[in-house]
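There are two complexes below, and they share chain A, which is joined by chain B in the first and by chain C in the second.
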Partner chain A sequence: MAEQLMLEKWSAEVATVTIGATKKEGDSRAKVIQVGAQASLPLLFAEGAIPHKPVIAFEIWDTAPLDWPAALNQAYKNELKEPLVWAEKCAKEFKADLLCLKLQGAHPDFGDRSADQEAKLVSQLLKKVDLPLVINGCGDDSKDNQVLPAVCEAAKAERCLIGNAVQDNYKTLAAAVLADGHNIIAESPIDINIAKQLNILISDMGLPLERIVINPTIGALGYGLEYAYSIMERARLAALAGDKTLGCPFICFVGQESWRAKEAKTEIESGIAWEIITAAALIQSGADILVMRHPEAISKIKAYIDRLFGGK
Partner chain B sequence: MEKFKIKFFPDNKEIEVEKDKTILAAAISCGVYINSACGGDGVCGKCRVKVKKGKVVSQQNAVLSLEEKRENIHLACLTTVHGDLEVEVPAQSRLDFEKSSLYSQSEEIEAQKALDDEKLEYSPLVKKIYLELCAPSLEDNISDLERLYQGIAAVAKGIEFSFLQTGLANIKQLGELLRDANWKITVTLGYRNGATEIIMVEPGDTSARNFGFCFDIGTTTISGQLLDLNTKKVLGTKASYNKQAAFGSDVITRIIYAQEEEGLEELHKAVIETMDQMIRELIEENKIDLNDVTAVLCAGNTTMMHLLLGIDPTYIRRQPYVPTLNFVPTLRASEAGININPRGLLFCLPGVSSYVGGDTTAGVISSGLNHEKVLSLLIDIGTNGEIVLGSEEFLISCAASAGPAFEGSGVVCGMRASSGAIQKVQIEKADFKVNYSTILGAKPRGICGSGYIDIIAEMLRLEIMDKDGKIKPQKHARFREGENGREFVIAFKNETDSGTDIIINEADIDNLKRAKAAIYSAVSVLARKMNFDFAQIGKFFIAGGFGTYLNVDSAVRIGLLPNVERSRLHFIGNSSLAGARQAFLSYNAIKEAQEIAHKMAYLDLSGENDYMDEYMAALFFPHTDLSRFANLRDTGHGACDCGCG
Partner chain C sequence: MLIIGELINGMYQNIGSALKEKNKVEIQKCAKEQVEAGADALDVNCGPGCKNPVSDMQWLVEVIQEVTDKPLALDSSKPQVIEAGLKALKNKAIINSVTADVEKLAVLVPLAKKYSAKLIGLTISAKGIPQNKDQRLELAATIVAACAEQEFNIEDLYLDPIVLPVNVAQAQIKDILESIREFKIISEPSPKTIVGLSNVSQGTSVRSLINRTFLVEAIACGLDAAILDPKDSDLMDAAITAELILNKQIYCDSYLQAYRKK
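Then we have the complex of A and B:
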């Protein structure tokens, strides 16, 4: 007799979030990215549909990163100073599916670029490359509240994914995202309750849960990875059991966390390995969008995802 | 050792202390009360004082802002005396005892009603009997004491106590007293641990004057009631903040403080002083002689009972959390330092465990939960919230530390439920007009727990606050930025008693959110642990020091109480005081209290892994699990009968 596996059947599924709008829909992206829609825990294909593969976003910055380790500087060299060239390289040479523009230069301590400058950059970037876009603010609440609404408007109807909304500062961004037809990243500090509360607060403002992506905050290998893993797992279990307020896809800032590890900074190879291992683990815990930095790590993870999904 | 003089304002009290003593210690030793929620650890920031004159040395701390330091504001617990000082204790660092000790007529009416309704048989714990004994003769020559016993036995049929006891002090004076009084005497009999004691013998007939005090000794609030033990009448009620609050706002910080040098003695003195003040005021108002007060009965949590008796509470806090005693034998009140008749008795209602005390037993008696045929739940909302689940078949309890917010402490404009407290609130959608009513209709002086519950429910209903408790600013004079986040004005200064605005701010809302989350999560963990869901619980008794009013619908809206049909929720007021009163007037009730305390099981929430998860999930209005609070009706403000429309 053939071995019978115990199969779990879930009553709900994760919401589908669409990033980017194509020409047909009146805008300019060559393709759209869809994430979410899982009716099963990660990679348990027999238990429920998993229609979308995890997707990788190349992280690019509006200003040259000063403290990136040698491995990253070698991979991009001079492109780091030119965001548009950098973006194009990711799109053409590395065949990126998705870009994540980090507006670090807007931070008062890292250049203090104005809202107008950032809005202009986003417009130019949208013209230069036709990939869907994730846009991430600088993390300074009051500056983000100036910059992100301008950016939202500059990218109006391009259906970008824009973050980060946090519990103490979500209203301005949620209102801008709602008005200009984007999706929002809701960031919580490795805390399932705050993730849930923030989703409720944002949806109370009129932005449907289908336009929210959870940033659960992660730690890299050796820096809290297991903790992030179990929070994501708990959230996903709740979502599949019917809790809609946690049924949003996850975005994980893998590159940012991995390259902060002391080990990643010392040896080129170990940095790449750190990013690969962190990303691979988070795929197992249900990550939908992985924001990554090193092209080699990205290509390895892409190949890994293809193998996991076996051509599905 | 050098000594310096410190003068405190506005108290105008002066004391001489040794160099290097803290300002807080100096204040305590001269009876100036400064808030100190953390018990002097320098972390809570409640003990800010302004040094107007003189030299001090302050330890580094992260609590004070630069501006405050520039203004010579210091933390009293971290600041030592290095010269003669003048110290101003600002209003927010003080506990206002005067204003809180007000007579609340409405509470009394309720108490009287409850007394008349009582099912328990009337047999007070202390009785006075007037006797006219036959003088002895050569034929009738039994001893004086035997003669007294026979006299008592002849009339005291109602007394169920099996043996009589008398102390030597009474016996020594008996011979002369009986003859001087011409054998006409009044005997005071008290129930004492299963026996009956002749507490005292007085000449003549004083049997009409037999009074007692019952107290609910809460961590934050102490309520006391003067009873006429003959007529079952409540003669007066007082409530006041527990003066122990100067040593920490919850039981744990008090226990820690008790371990300090003279800490236990100071805590003991603070509670006795609070009670003494109420006793004195009430007997003066009712023109009663202290000697006619024959007994005191107290209900309180286990730590409060230890401190009342001056017993070291250290082991309550240490694993395996065992108190020195749960069943307090009947003692003489004077042994605990309480001033009534020197031979008067002190009764304490029995407790269950380290964190479920006699106040809970009292709550069960007054709610009648132990006689319910249907599964019922008692929720006593206080600083230490207690929950009892059960019926006539079983009882199980748990405790949750909620903090004092619902008792009006730790919130900017909070006060207890007494005259002038805003207790019902309705906010109009169109122009944010706030309609409120106050206790006794007095000019508003602050907001009490039920007022806060209404305010939060209304702010949620009108969506002027998000579910996380952040106020959404509107272009309106009632919305403004304050020191502790945004504020909403409930009453403008031209309406209020003190002439300052009464407001609620985001820090207050946060405190109230934590308090309600602690209570709600304890209720849901206890029910789940026993494998019941709320649908199976027939009656919910809601108790707490809310005065006579609590809008249960508002309490559900903010997620304090479970979302069940409102007809199943019964607000029963201060159940601890009510139970204490019943026990005082009925020997059966005190026997029942003992049975309840024996029978009740205790669930230690600190050993429940899912309590913390539940608590975190409840830190939201009403709850992060929205399905538990689905279909909240938009009733407007249906339950309000204050004439506000």
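Then we have the complex of A and C:
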């Protein structure tokens, strides 16, 4: 008798989030990115539809990173000082699908760039490259509350993905995202209960769950990767069983976490390997958007995704 | 769990007179309120005093599905009334109910199959109401066997242990709760379980408290569905919390609200 696989039947699916708006829709992106919509656990193609592959966002900064290890500095060289050139290199040379602009320079301790400066940078960036955009604040709550609304307005109707909203500071960003037609990143500290609560709080403000992406907070290989894995798995199981408040796609800041590992800083190859292994594991846990740094790691992971999806 | 709203029943005065006057606004209001309160399906019963149950059931089904696409549980002891409802129904159907009597099983199980309906099986027969757990299990097994024989999907069968009022049959309530657990091991895959909740508090003076306490105990025994008043928000909160404690929902501070968002 032929072996028969036991297949799970799921009653719900993950919400679809669309990033970017094309010219046809009155805006200026060359293409849009869709994530989510899975009707099964990661890569179990026989159990339900998985219409979208995970996507990789190249991480770029508004200011030259001071603490990046040599491997990253060598990959980008002088472009690190010129965000627009950096972005163009990712788009043209590395064929990026998506960019993630980190507004680190707005942080009071790292340049204290003003809301106007950041808004202007975002406008210029949108003109320079026609890729959909993820925009990430500096992490200082009060500064983010000044900068991110201005940035939302500068990118009005471009349907960016903007973060991070956290449990103690989500109202200003959610209101701006709602007003200017963007999507929001809801960040929780490796805590599924807070992830769920934050999604409810944000959706109570009128932003539908279809415009929320969960940042579950991850750890790199050796630094809590398995905690992130189990949180993501549990959220996805609940989503597939019908819990809409957890049925949002995941964004994982792979580059940021991987290159913090001391092993990643020792030699170039081990840093790239650290980023690759962390990303590969998170794809297994259901990551939809991977924000990554090293072009070589990104190219390897892209090929890995294509292989997993069998050229689909 | 599957919550079936019980309020569209001709024995209630507002529904009885709305049915007599063919006042569809009143029926539709009752349907919408129950869905908004968290009902996953609605029970539809013409009531004991109804003179034309066949045409009344059809009329009820038609007016209810104008305002909701939730499944409807067609509630009658007469197969011809249920079939009349099934013919008029576009939404998903639940047949409420079949008993452990051979002649009823021979009619209603094929009807459930024909209309892809779920089926509620009462562990009761022409011989009367069971008096203990063993009798309930025997009647349950009769229903499961008839469904299996006719290749009806057992996962679409909801077995009801017949809840009796606590002030009439206090000694049986524990047996009823244990039956819920044991019904699940009659077959693989397991049948589902359901209770008509309000019966437990019939004739008592603190109905809502008895209803929700019994419901929580039944959920702890693995109950899958209940026919109840979804507008009793304390009752709904207790059911949601019982499922939370059994790890069927993920906790968050607003878990009551989260459940109602689904």
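Here, the second predicted complex is superposed on the first by the 312 of 312 C-alpha atoms of A that agree within 3 Å, B and C clash if a C-alpha of one lies under 4 Å from a C-alpha of the other, contacts with A are read in each partner's own complex, and residues count from 1 in each chain.
The working rule: contacts are C-beta pairs under 8 Å (C-beta built on N, C-alpha and C of every residue); 3 or more make two chains touch, one makes a residue touch a chain.
Being a predicted model, the structure only gives us computed values, none of them experimental.
Q: Overlaying on chain A: chain B and chain C, fit or clash?
A: clash
Q: Between chain B (first) and chain C (second), which does A:Q117 come into contact with in this model arrangement: first, second, both, or neither?
A: neither
Q: After superposition on the shared chain, which partner residues are touched by A:S28: those of chain B (first), chain C (second), both, or neither?
A: After superposing on A, A:S28 lies clear of both chain B and chain C.
Q: Contacts for A:T172 in the overlay, against chain B (first) and chain C (second): which applies, first, second, both or neither?
A: Touch status of A:T172: no partner.
Q: Check the contacts made with chain A and report whether chain B or chain C touches more of its residues.
A: With both complexes superposed on chain A, more residues of chain A are touched by C.
Q: For A:T245, using the defined touch cut-off, is the partner it touches chain B, chain C, both, or neither? Pick first, second, both or neither.
A: both
Q: Where does A:S203 make contact in the superposed view: on chain B (first), on chain C (second), on both, or on neither?
A: second
Q: Which region of chain B runs into chain C, 458-466, 530-538 or 602-610, after the two models are superposed?
A: The stretch that clashes with chain C is 530-538.
Q: Between chain B and chain C, which residues of chain A are contacted by each of them?
A: Touching chain B and chain C on chain A: residues 193, 196-197, 200-201, 243, 245.
Q: Using the touch rule from the top, collect the residues of chain A that touch chain B in their complex.
A: 167-168, 171, 191, 193, 196-197, 200-201, 204, 243, 245
Q: Within their complex, state which residues of chain C touch chain A.
A: 249-255, 257-258, 261-262
Q: Give the list of chain A residues in touch with chain C in this complex.
A: By the definition above, chain A touches chain C via 192-194, 196-197, 200-201, 203, 234-235, 238, 242-246.
Q: Which of the residues in chain B end up touching chain A in this complex?
A: 463, 466-468, 470, 472, 616-617, 619-620, 624-626
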